[in-house]
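You will see two complexes here that share subunit A, one where it goes with subunit B and one where it goes with subunit C.
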Partner chain A sequence: MKERGEAEDFVTPGEVLGKTSELKPGNGAYVSPQDNTVYASLAGIRSLTPPPPESADLRPTVEVKGHKAHGPVPEPGAIVLARVTKVMAKMASADIVCVGPKSVREKFTGIIRQQDVRATEIDKVEMHSSFRPGDIVKALVLSLGDARAYYLSTAKNELGVVSAESAAGETMVPISWTEMQCPSTGQIEQRKVAKVGA
Partner chain B sequence: MEYVNPEGLRLDGRRPMEMRQLRAEIGVISKADGSAVFEMGNTKVIAAVYGPREVQNRSQQLNDQALVRCEYSMANFSTGDRMRKPKGDRRSTEISLVIRQTMEACILTHLMPRSQIDIFVQVLQADGGTRSACINAATLALADAGIPMRDLVTSCSSGFLNGTPLLDLNYLEDSAGGADVTVGILPKLDKVTLLQMDAKLQMDTFENVMQLAIEGCKAVASYIREILLENTKQLESRRGI
Partner chain C sequence: MEAKPSVAPSSFIDQQVFPGDLVLDLSKMTNQTIKLGGGLCQDGDVISVMKAGKLRFSKPNKYWVESSHKRYVPSVGDNVLGIVVEARADNFFVDIKGPALAFLPVLAFEGGTRRNIPKFETGTLLYVRVVKANTGMNPELSCTDAMGKAAEYGPLKDGFMFESSTGLSRTLLSSPTCPVLETLGKKIAFEIAVGLNGRVWVNATSPSIIVLVANTIMQTESLSPAQQKIRVENLLQKLQ
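What follows is the complex of A and B.
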């Protein structure tokens, strides 16, 4: 009995899940514009989520959970972790290594421009006092950017450097939103520090 | 030479509307994001999918959708005569483009802008119908990689010999000089994404031959769905769900 239930809940790409008047497509489902039908786009198990009680839309959301999701692609609004690779006068280059909780299998390139480092005193931002090559940065994807890289922003309290190494090679401890200290030498270095635990 | 004897049997003992034996396996390459081996009779094809990943050649990047690239190759030992082929010979380039266009039509590329999906297909053993097997293997590999698709693309070939439409030609039938029709469809959406033919056919005969190939594609789709379901069950039992 359970096996039959499992077989019935398993869907492959192209299978009909329902009509748009009855279902909302979630992850792994899409709507065909020609006939207003919801189809599966992944191979996996179908699941229904009831609508939130306060929502005016009474349609449940249908999702398909595959056993393996493809590597994530950065999209505007996503929080990413990136490793700074190059710091210039007006921007810093970084390799995106995580999108949300998922790591990307291969790197995507992003840049943090001078005007996106912090929300205050934008004209006085010094890139070399905010990031160094090798720092791990938590950032927000602003847009798909130009032809070369995604645009990232750290202009929020919870965004910025989350891990950095000092000149002595040790992981530094944040002591304020602009400073980090080396635990062995006591040297203080300037960074745009992310606020943790917020 | 007689390809269909009076009892209605082909050279390998099949009926005219019978397919060769299908076999498939998912997840055969651990380094790839998705991979599959697909066999149609004595034709054996392996496919690997990488991506979505960053576009390697910046000039080819598409800002609103993913770039799909495909590379098709035949192993030197895959045919009866071992021959050294240059990498970019005409037939490989044509089949690579055919597979790429077929897959582009079914992958939801707009969900992964400015990324690249690479499909590598290699023929390990060739016995006719290689491009159909390649498309089926690529579909399985994409499903294994979790790439969102409109539908599973399946492909099958058919021909016309001795006044009889034949399904799923093997090498001998393919070399007989008759017509060879290759069809790729989206079986649930009932759309044709690939249609190729060589030699000549009358229009009404062509309709019959194409309809036979479409039936073969739907049979392949049922088999592929079974493989995906079996794979999901195995993974769930291993995970202890």
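What follows is the complex of A and C.
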């Protein structure tokens, strides 16, 4: 149910939304430079957001929200939760599960390179002592990367392994920023652990 | 589920054990700090067997299960015989009879620099040392020892390589020297390289000697030490 005061305009891709002199394109809209017009690029509901008060630009932003709500998409600078799928000598692959607090609808892959695991002594990083397949890690999206995967980084204290299973199958308890311990067998395994809490 | 084993641990040592056997009960042992090697798993207070084989014990507190397989599980520090499959910019891909191809960095040689990278063709036999062997990752190899010296590692030229089980490799490498090699060595001059992954390389001056040594080793694998000696002496007599 829409609670906004705007009129519910359903627009289709290619429909004219206005002129660039009056409107700024947002999500789902684009500007054609030949004739300075803002067109819609998605099929959905048009919505106008008034400009922020401090900006010099006084044009409202026009957005088109698709009728099918898409899940969140990782953007550079977002904190994501990912499950590690493969650990190799110089990098680890992970499937992105959540962007911020929301879970994603499509499959996104991320790569954590050896130099992005931590901030200090980056050439001495052992990938196997930082992550194992199956670990849940909190990471920062560095960039969109290439066609295959986003580039992720865990090079901060609060980033790294959040939850991991030991070889015996139990969820491990973190005991330092490099070690986690299995509660049933007492074995200590090495991980790059995220600092949780204050 | 937990059947309290009423047998003392000493009765299982050096015996054939099977998966599911409960071999140790920690609550009944005086020294409760023990080291478990391959094939054993802790289940609360009981140690159970996961791999069929012989239970071995070494003082003061190490237990493990020894078994012989045709497959090799890469483990750090092992000396193995690998075959080059592909040469890439940074690594050679080497087959060591494990679940995954192993990487041999092109600089992992004594005095190795970017200028003198060895050129190994596909199929070259190498004597290498396993440096990293983590589950899920490709193992990493090296042609130097821990100090960085070449120490016999590298390509093996001429000779003949045959594949057998990991148990035979361990027997051939055991000390004191196993009876087969000792008896053969008294009469014949030959060179041998044993890989813990079940590959053995033999070299000698003439092909007939190589064939004799290789066949002898393969045929005497399942014989007891005394039988081995007798068999080898019979074979040698036939040669002379």
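One rule holds in what follows: the second predicted complex is superposed on the first by the 137 of 198 C-alpha atoms of A that agree within 3 Å, B and C clash if a C-alpha of one lies under 4 Å from a C-alpha of the other, contacts with A are read in each partner's own complex, and residues count from 1 in each chain.
Going forward, a residue touches a chain if its C-beta (ideal position, glycine included) is under 8 Å from a C-beta of that chain, and two chains touch if they have at least 3 such contacts.
Computed from a predicted model, the values in this text were never measured in an experiment.
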Next on the checklist: Is A:173 touching anything from subunit B or subunit C once the two structures are fitted on A? First, second, both or neither.
Outcome noted: neither
Next on the checklist: After the superposition on A, what does A:88 contact: first (subunit B), second (subunit C), both or neither?
Outcome noted: second
Next on the checklist: I'd like to know which partner A:48 touches here: subunit B for first, subunit C for second, both or neither.
Outcome noted: neither
Item to check | Between subunit B and subunit C, more extensive residue contact with subunit A | outcome: B
Checklist entry - Can A:119 be said to touch subunit B (first), subunit C (second), both, or neither? => result neither
Next on the checklist: Just to be sure I read the superposition right, which of the two partners does A:128 touch: subunit B = first, subunit C = second, or both, or neither?
Outcome noted: second
Checklist entry - Looking at the overlay, what does A:14 touch: subunit B (first), subunit C (second), both, or neither? => result first
Item to check | subunit B versus subunit C as contact partner of A:185, first or second or both or neither | outcome: second
Checklist outcome for this item: subunit A contacts subunit B in the complex at 6-7, 10, 12-16, 28, 30, 32, 39, 41-45, 66-71, 73, 75, 104-109, 144, 147-148
Item to check | Parts of subunit B lying in touch with subunit A, wherever the complex brings them together | outcome: 33-34, 51-54, 58, 61, 63, 106, 108, 111-115, 143-152, 186-189, 224-225, 228-229, 231-233, 235-236
Item to check | Residue numbers on subunit A that touch subunit C, as the complex places them | outcome: 86-89, 127-128, 132-133, 185
Next on the checklist: Considering only the defined contacts, which subunit C positions touch subunit A in the complex?
Outcome noted: 42, 103, 132, 134, 136-138, 140
